[in-house]
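Notes for the one structure printed next.
The letters A, B and C name the chains in turn, as written, and every chain counts its residues from 1.
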Amino acid sequence: MQLSRTALLEAYRKMRTIRTFEDKVHDLFETGELPGFVHLYAGEEASAVGVCAHLDDEDRIISTHRGHGHCIAKGCDVEGMMLELFGRRDGVCGGKGGSMHIADLSKGMMGANAIVGGGPPLACGAALAAKTLKTGKVAVTFTGDGGSNQGTTFESLNLASVWKLPLIFVFENNGYAESTGSGWSVAGGDIVRRAPAFNMPGVQVDGFDFFAVHEAAGEAVERARRGEGPTLLEIKFGRFYGHHEGDAQTYRAKGEVAKLKAEKDPLAGFRKRVTSAALLTAADLDAIDAEIETLIEGSVALARKSPMPDPKVDLLTDVYIRY
Amino acid sequence: MSEKIAAIVMPKWGMAMEEGTVVAWHAEEGAAVTEGQEVVDVESPKIANAIEAKQGGLLRRRVAALGDVLPVGGLLGVIAGAEVPEADIDAFVKGYVTPAGEGGAAAGPSVASIEAGGRRFAYLDQGAGEPPLVLIHGFGGDLGSWMFNQPALAEARRVIAIDLPGHGGSQKDVGDGSVAGLAAAIGTAIDALGLARYHLAGHSLGGAVALAIAGARPQQVASLVLVASAGLGPEIDGGFIADFTAAERRKEMTGVAQMLFADPALVTRKLVEDMLRIKRIDGVTEAMRRIAARSFAQGRQAEDVAAPFPDAVPTLVIWGGKDRIVPASHADKITGARKEIFPAAGHMVHAEAYAEVNRLIGEFCAANG
Amino acid sequence: MARILTYREALREALRQVLEEDPTVIVMGEDIAGGLGAPGELDAWGGDMGVTKGLFGQFGPERILDTPISESAYIGAAVGAATCGLRPIAELMFVDFMGVCFDQLLNQGAKFRYMFGGKAKTPVVIRTQYGAGYRTAAQHSQSLYPLFAHVPGLKVVIPSTAYDAKGLLISSVRDDDPVVFFEHKVLYDEARDHVPEAPYAIPFGEANFVREGEDVTIVAIGRMVHVAKRAADKLAQEKIEVELIDPRTISPLDEDSILESVEKTGRLVVVDEAHPRCGMAADIAALVADKAFKSLKAPVKCVTAPHTPVPFSPVLEDAFIPSDMAVAAAARTVMA
């Protein structure tokens, strides 16, 4: 699939935003400034951006606990996200969701989800709504290799196929469910091998390669829009940080992460590919790097001076629409 | 003194009533009672009210004790003259059988519906005897508002209680919400029912509607009974109309319901629940809002329906002296009408003094048709 | 217009009317039509209890969706679809099965509004049957509504009559928050009542005064309202006048009506078919102890099922379910 210059610039901008955002969050967490659990997406950018490039605000995605990348790829406001991680009143979820429940429904982002395997049933519902209301829209559920083993996921694969839903199951296999290797926990080795059992196409993709993801996702989304039912994508790659921040990662091989960063960085790969093919210049990309650096620094500065929620008011609101 | 033995039985107030509780006896066993005297208070799930002696005599037995729950038709007590032997009374009590089916909710008359003028109307048709009496309820009520009256009146003639447009089981379209519009609609229902000559009784808003019908087709109306009627003057309690229209919950509706009665103690939680049941029906509140806006805006009645009133129609005006919704002084509006004021009753005079009101209406109809 | 309908018929009429009035309403569940993929007739079941019978024929497969036996997937799909413009009504055949799909309500649907800073709207209704009395034992007979009432974000509706069943189901579907709607399996046939034909909506958090009395307040939930009614009839013969309150919804709970009644009577018995620990009986007793303690003339009595699973043997099950005798005895105790 030929991508326009605008599309390439946008893809790089999104991936760079994710990387810079996550690197920054890593630093902020280390200093103790950010509360709670954070799970970083650095190293996995090509997946979220490659898939979401085919979606608009009316298409729905459901994410995982590792959701910042999906949010940014789907177009969520980066400043609002940073404020949310700081627990501020003006965060995208009013400081009530935090990293693990970050969402922006107006962008079709139905939330990071801190329950592994929680998303696929909900995505069936989003796809069902699109089908029932005949909107021509699709739903995408991002699930990890850990979530691939949940009963909810199996049920959803079956239901989506039975109901022929416009739904794409994206399994982001980064090799680890927390500290447990997917080579051990995923029976049969590859998640993609489960697709035929549910009567749907399955494609395994190099998740470090934006273009490979983009192409496979494009076909799956088109198939869904044509009303031909769900597709399973297994995106294989690795994460640059631990399961969550504070994870010493002693379960990983010595030098594994350094090698990934040096040889498999999806941003470096993208840069090499587009500059060598003369689609974009290094200057184009450098400009984006600088622009994003400013954006992220600015969002941190804004977050620091933004007001906290008011316990007297905000604690008790938004439980119900009317009670 | 009657020669026969009269049973005092649990009445059926409203179609849903299956049983009632004895809450007070007003006469001792053996005491003399006169016809029309309140003998015993009974509480249905809807409302508490008194039962009057249907004949004079001695209260020979109080069969039901305080607190007893009896099915509709159940024997509460026995009235008979002093000359009736004790043994006969005992035999009567022993042999009394509660009428089968009376106690069951499924028994009794059921609401029917009829299409007229593009609308559907719900009505309850009871009794036999021409000409029939047509009952039109008030704002925010339904045909069940006549539950103390219709069964008794139906003993002498056919009585048809009809739901106004926007109310009860009738279609919710109230047109422009004017009295004239409602009257035209009820007129089509009367035609569809094939009634050529009939008595007409209306309460409150229903009174205004009845007046308008009588004005439009005086030759059909054998007699007209106006109970706490609207349409006879500009005054009306606008706060009541607004609160009633807005009420969605028990607390709000309790205040509204208490305005309707002179004695707030008559307002049981069940009565309030019944008023809410009417209002919960889709479209009822909207219909009330529309009627209120057109006919009762700013606490004034928009229409003086009585203006073209035909002298030819014999008219009985009944009012409660403690009516807080429409002032009893409006009873003077129709010259030549018979006027009956119940000083102790409120806007729901036909419920609060139902026995006397029933007697008046029954006699008035009988005298005029 | 008032006609006598059973609880089942009232529910079916409510479903038909909300499906007619709003094209975004869909119904889903196991065997709610029945017969899909089978050689015999379609709409063979109309749901395990026949509540949805006939809807498939009227509204078709796009709005009446049979599901595989996959409670997580379809309850979750109902929740997810609710955030995307539909008003799904999902039937969970027995509330006991919530054990395999609770996450989709507990952590997902119930939390969206709050977690997402007030930006989510999840108008989903989970209809489910509960309760003992059918000899269906430990995994098909529980009264698990306290679990749901405990969860902020969920509304919990428990109609005891056909009239309430219709009006509360219509309210549930029109409500913009997630609602769990509990239907007692014994009431489908046993509860029959005057039910207006036109659609009507009963507001949540508004208790029903089943009867008024001066002596003792009895708060009863679901099928227990009927049990308490029988007890009240017995007690009336002993000159004990019961005020019987049916909360109709336990989240929100009409605290005012309960307190108002106890302030009048000074005595309270709570009747609940759920287990005693952390149930609605304990909850309502605590409410009264907290807010109307000085009105109490006697300790509050709770009449509940015991802290045991629901047994199978009819002899045991009958002993498990709170009886009118037990309720009357409790009322006599607080009157003593």
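As a working rule, contacts are C-beta pairs under 8 Å (C-beta built on N, C-alpha and C of every residue); 3 or more make two chains touch, one makes a residue touch a chain.
Every value quoted in this text rests on a predicted model; they were computed, and no experiment measured them.
Engineer: With chains as vertices and touches as edges, which is it: line, ring, star, complete or other?
Structural biologist: Here the contact pattern is a line, an open path with two ends.
Engineer: Ranking chain pairs by how many C-beta pairs touch, which one is first?
Structural biologist: That would be the chain pair A-C.
Engineer: Would you mind pulling out the distance in Å between where the CA atoms of chain A average out and where those of chain B do?
Structural biologist: 68
Engineer: When the C-alpha atoms of chain B and chain C are each averaged to a single point, how far apart are the two points in Å?
Structural biologist: About 36 Å, centre to centre.
Engineer: Centre to centre, by mean C-alpha position, how many angstrom separate chain A and chain C?
Structural biologist: 39
Engineer: If I count partner chains per residue in chain B, which residues reach a count of at least 2?
Structural biologist: Residues of chain B touching two or more partner chains: there are none.
Engineer: Which residues of chain C touch chain A once you look at their complex with the stated criterion?
Structural biologist: So the residues of chain C touching chain A come out as 24, 26, 62-63, 65, 67-68, 70, 72-86, 88, 100, 103-104, 107-108, 111-121, 152-153, 155, 175-177, 205, 252.
Engineer: Looking at the complex, which residues from chain B come into contact with chain C?
Structural biologist: 15-16, 21, 45, 66-69, 105-106, 110-111, 113, 122, 168-169, 172, 248-251, 268-270, 273, 277, 280-283
Engineer: How about chain C: which of its residues touch chain B in the complex?
Structural biologist: 1-4, 163, 167, 193-194, 196-203, 206, 208-209, 211-212, 233, 236-237, 239, 241, 256-257
Engineer: Give the list of chain A residues in touch with chain C in this complex.
Structural biologist: By the definition above, chain A touches chain C via 60, 62, 91-97, 101, 103-106, 110-111, 113-115, 118, 120-126, 128-130, 132-133, 139, 151-152, 155-156, 158-159, 162-163, 317-323.
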